[in-house]
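Both complexes below contain chain A, partnered by chain B and then by chain C.
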Partner chain A sequence: MALNFHMQGFSGYGVQYSPFFDNRLAVASGSNFGLVGNGNLFILDIDPQGRIHSMNSFMTQDCLYDVAWNELHENQVLVAQGDGSLRLFDTSLQKFPIAIFKEHSKEVLSCNWNLINKQTFVSSSWDGTVKIWTPNRKESLRTLQVQPVMQSQLVDNTIAKTNGSRGTISANKNCIYQAQFSPHDENLVMCCSGNSYVTLFDLRQPNSNNKQQRFLAHNGSETLTCDFNKYRPTVVATSGVDSSIRIWDIRMLVNLGPQSQHINSSAACINEITRAHELAVRKVAWSPHHPNVLLSASYDMTCSVWQDLSYDGSRFTMKTNSIDSSKGFIKRFTGHSEFVFGADWSLWGQPGFIATTGWDGNVFLWNGLQR
Partner chain B sequence: MSQRLQNIGNHLSGSNGQSCPITSKRPDDIVIVSAKRSAIARGFKGSFKDVNSDYLLTQFLIQFFNDLPPEIREHQDLIQEVTCGNVLNPGAGATEHRGSCLAAGIPYSVPFMALNRQCSSGLTAVNDIANKIKTGQIDIGLALGVESMTKNYAAVNPLGRISDELKANKEARKCLIPMGITNENVASNFSITRQDQDKFAANSYNKAEKAVKTGLFKDEILPIQLPDGRIVDTDEGPRPNVTPESLSKIKPAFIKDKGTTTAGNASQVSDGVAGVLLARRSVAEKLNLPIVGRYLAFQAVGVPPEIMGVGPAYAIPRVLQDVGLQVKDIDIFEINEAFAAQALYCIHKLGIDINKVNPRGGAIALGHPLGCTGARQIATIMRELQPGQIGVTSMCIGTGMGAAAVFVKE
Partner chain C sequence: MSSVCQSNPLQQFARKGEQATGRWRLNEGRVQNRGGESIQNSVENEFLRNDESLSIRGGNQPHNMFGRAPAQMGHSSGVVEKESWLNEFSKIAIKDPLEFSDRYKQLYSNYETRQTVTSMHNQGYYQPMSNMNLHVQQNWSMMEGQINQSMNSQETAHIDQAHNDLDMYLEKEFNDIELELQELDEHSHSEFASGVQEQQKFKEIATDIVDTCITNNKNSTMTSKLAKSKFMGLMMQISDGEVTLKIDEHPDANTNAKELYSTKTGKTVGNDFHDIQDTISDI
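Let's look at the complex of A and B:
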């Protein structure tokens, strides 16, 4: 049983429930599968009869890839646009944005609002930078440059052995697919990129890339998505082209020594769901209601809900999902008929409601915990 | 637009079912926390001639845990299974070796299993523990192999009590062929000359002699204290100055006139013990245990009993197929030298670079304490490999089998 809204002529890339209204969603979309043409921001309302209708929409000049509600203002919503800009819209107005933030030189692929210091938001781009912004300034507060990865640095022990395509750096290595503020620490920003690395920035440090902590998350294949656990401040999930979901404890970052002036670390992967999907995973999101439940959305047109077996709600179990025949699998949603790009958990009502969107132009609302 | 399309294209082409590099680290890897062995003593006249396998095992376990960090030494109850390979003791030593575990201080709550798959028993014990970790049944397990050929080789008929009905069966009867004769079959069927065998055997002696002299075995050997207080920590098998010529003077042992298998080009009768502690990586990292290597895969295959020595030639390709590797991808092979002829056959059949085989000598020089050998090879290969390198251990198995396993050094 799923509620559905179809965005005629547009493919969905990002979706987020409003933090202020229990029946409102924002969806970022693009025409022609987000490859070329206009974008459209849909503001969707769910009526008491369970029907979804568009309460407002904003056409943009280029495709939209992500969306984030302003945590301080119930009518404001931010979008990440293909032309390198971020735009802030007021849902009570029409047509035009109330602010434009244009610094990125290539597609902006993600945007995320700081849940603690609600004056700031973060964006990540194909241009290889992460930027920190505040709504009241046109210029960014800070630009974080992800340390470029030399071929020889990337090819550490774990990759050196194979020459397969999985071990080579992909052509998309500069893309920073997602950047996110920690929900536990207003100064901590995590991003993941096409060079397979996940980088952690602490904004209290001076702006120098040799203070970065980073780890190779997916053995050289692109890391497309990352998410902070909402209950466990040191636990993050990542996934990407290798279609495995990995869960990390960022306390277990080990400094690899002084051979480079940069801090190169290897992290301890505490759990893995191997081949969680048949194709690359585009989005992982931890549940806002459970410390050990997460959601994944994939190019294989499905979304899955998993239980992280390495944590039983109070302590680490040292179990891994990949040894479990069921892999901690809770539910698979198969309503989409194309790649699924966006997914978000509802904060409202009965725990478990999920919104997903993808290339088929559909927005589906379904319950991920009802089997 | 073309860049955006290319970007998404890369996401799809990257995930077309290829597996990750096998040397990449995963939380559910089965890792080797420690792999150690005792010195190998010569049978009947060596240092262990007056003690039985249970004594060797007890002393070894005491040393083995002393050598481990307190996270496991002081919490031995974290071990959820002990599997011990043994060939010659009655019932594979199920009773006395459980007793050894208790005598060494392992709590009674840790279960024990005795196992016998002939010469592969030590390796099969590792496989048993690894499988239990893989399925999630256990998190940490200890695989052992122990043999006192001195005490048990002559005492019991290794073939056991076999009924006349079985002896009458043509196929079953092949399982009763003495090992030396099976090797003569390999040598004559595949034309492996006495000269080649002696050359191979002398090379094994020379490599082992050099390894002992330069202390290469120091790290893998745990000292065993005898009841009289003497400490044994050096292999007794290797002899100095062995040459193909000196070996050529030894008379054939199994077929008097035309035989090619001699005491010089066959494995020695020996006593020894070895152990491998395995854990899931997520557990080892949580407990901060050392990780020396990783177990990748194991396979056993059946071969004709009358030429059982060809076992590795079939087991190695079978296990490499499972992990998607080829012979040329392997950095070191530890292939048990039950006999020079069968080892040579396997090396040639698979086209293995002979310089990659048993670089510190094999059972011809070091000895072949039957149930211990499979675990002993892992202790040795973990010191031969460099981090990131891949190694294979393998052996032939009496009654017609071969076993092989793949390991990565970390």
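Let's look at the complex of A and C:
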């Protein structure tokens, strides 16, 4: 059973539960499947009868690609817009945002609020930059430039060929699909790019390429999504165009500065769910209630919940999901009729509730742990 | 007191200086004689009359002049003697090695002429020009140069001539503006052409998506699923050229397409676009 809300004329891109209200969600959407036209931020409330209704909505000039609640203010929600801006809306007001942050030169594809230092948020863009912001300033606090793709040409020449990769580095090499603060360290930012790399920034270090830790996550295929495990500070999950989900321990990464001649980051992959979906995976999210459960949403119009078999809840098991016939599969949700782009775990109530949204304009709430 | 008894050398020097008074004063530009004012005037007038022919005389060398004049000036006994010297003196052609060349003098004359024109400009004589468009203002110095060139050729500061030049210049500038407007018009057409390219690229991308997801997909389950997708339906329509981006032909319009439309019916496909004000709420 799932609860449903349909956003007439809009396609869902991002969804997030409110960290303050157990019945409230924010959904970022765009007209015409997000290709051209307006965007719309929907603030949805779930009533006691289990019906979802729109509490407020804000139409925007361009499509919206992601959403993040302000961790310090219950009424404020941030959106990533296609015109290169981020906008902070107050859900108790109408029509216009209360702040606009415009520095990116291309589409802003993701935004994420810092869960530790709640004064900052991060954005990533098609322009190849990650920016750190604070709500009190129009200008960004810092711009993180991911190492240019020229350095990544080794991927084409070595890694992709030797590994017989299915994918190739696409034209969207510099596009940074997602950036995220670590929920364990306020200074640690992770982002994933079209050049297949996942890059880690420590904000305490100077902004230098030499200090970037990055690893080739998906053999040259675009890495579309990444997420920090909420219980294990060094464990991250990534996924992308190759439709596999990989789990990494960032303690095992090698610093791949410009002087480095070695790319052996694949050794850091501690688990993999191969061919988790029929098509590319657009979103992965670790459960806020379990250290070894994660969610994936895909272009194949489904969402799946998986168990990470390399960890039993207290220690590493030295196993991988490959040994399991179902690859650690827990549940699949097939309610969407278009690509699924956004997914989020509920922090509230019984563990396992999930909100998903996709290009069919639907927002579904369902339980991912109820078999 | 005789000069012999003069003990103070400074006083001796001063007395010798008094003897040469005529020379020094001549150098100051005025001929003065101890004999009286009337004499001074007549001599001066004669000198000034002869001065007209001063520059065209030749033959006498500077060292000759300096050889004779001090000796004659030392005598103050008679007016006739003085006048004869002045006649000779005024007829001497002076050739000063430090004198500026004719070319320099001409250029300096032109410079003075320019100063006159610039002064008029600063006083607002060309004030209407300040209301011209930016392009004209940027070329103000060029216009000035053109006017000055014209004046150089005539060696006189004739404002009428400047007006003629100004008229010519303005005509040229207006023609240039006309040309710019034409280019702007052509540019808007080229933007429209880039919009057409954008439509073409959009179509190619849609074709790629259809080929990848449906035509070349061997997974039958996924293919049938995608075939039912509205998004894939739209991609197929775009691929077939039935739907494309709506490009605004207005030159001031943002070139980014905001809507899709049917090439058959001309109607908007999907959502109508609403222009949203880019402002923030007052809180």
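Following the convention adopted for this analysis, the second predicted complex is superposed on the first by the 344 of 371 C-alpha atoms of A that agree within 3 Å, B and C clash if a C-alpha of one lies under 4 Å from a C-alpha of the other, contacts with A are read in each partner's own complex, and residues count from 1 in each chain.
One rule holds in what follows: a contact is a pair of C-beta atoms (placed from the backbone, for glycine too) under 8 Å apart; a residue touches a chain by one contact, two chains touch by 3 or more.
Quantities reported herein were computed from a predicted structural model and do not represent experimental measurements.
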Look at A:Gln205 in the shared chain and tell me whether it touches chain B only, chain C only, both, or neither; answer first, second, both or neither. neither
Taking the superposition as given, does A:Asn271 touch the first partner, chain B, the second, chain C, both, or neither? first
For A:Pro97, using the defined touch cut-off, is the partner it touches chain B, chain C, both, or neither? Pick first, second, both or neither. second
Could you tell me if A:Cys175 is touching chain B, chain C, both of them or neither one (first, second, both, neither)? first
With both complexes overlaid on chain A, does A:Asp360 touch chain B (first), chain C (second), both or neither? second
Touch test for A:Leu279: chain B only (first), chain C only (second), both, or neither? both
For A:Ser31, is the partner it touches chain B (first), chain C (second), both, or none of the two (neither)? second
By residue count, is chain A touched more by chain B or by chain C? B
Once chain A of both complexes is superposed, is A:Ser54 in touch with chain B (first), chain C (second), both, or neither? neither
Going by the contact rule set out at the top, does A:Thr320 touch chain B (first), chain C (second), both, or neither? first
Overlap of the chain B and chain C footprints on chain A, listed as residue numbers: 35-36, 278-279, 339
Residues of chain C that touch chain A when the two form their complex: 213, 219, 221-222, 225, 228-231, 234, 245, 256-260, 269-271, 273-281, 283
Show me the residue ranges of chain A that touch chain B in the complex, using the header's touch definition. 34-36, 82, 107, 126, 157-162, 164-167, 170-172, 175, 219, 221-222, 224, 241-244, 252, 268-272, 274, 278-280, 282, 299, 310, 316, 318-320, 322-324, 339
Give every residue of chain A touching chain C within the complex, in rising order. 9-10, 31-33, 35-38, 59-61, 90, 93-100, 278-279, 300-301, 337-339, 359-360
Using the touch definition up top, name the residues of chain B that touch chain A in the complex. 1, 4-8, 10-15, 18-28, 134-136, 139, 280, 282-283, 285-286, 387-388, 390
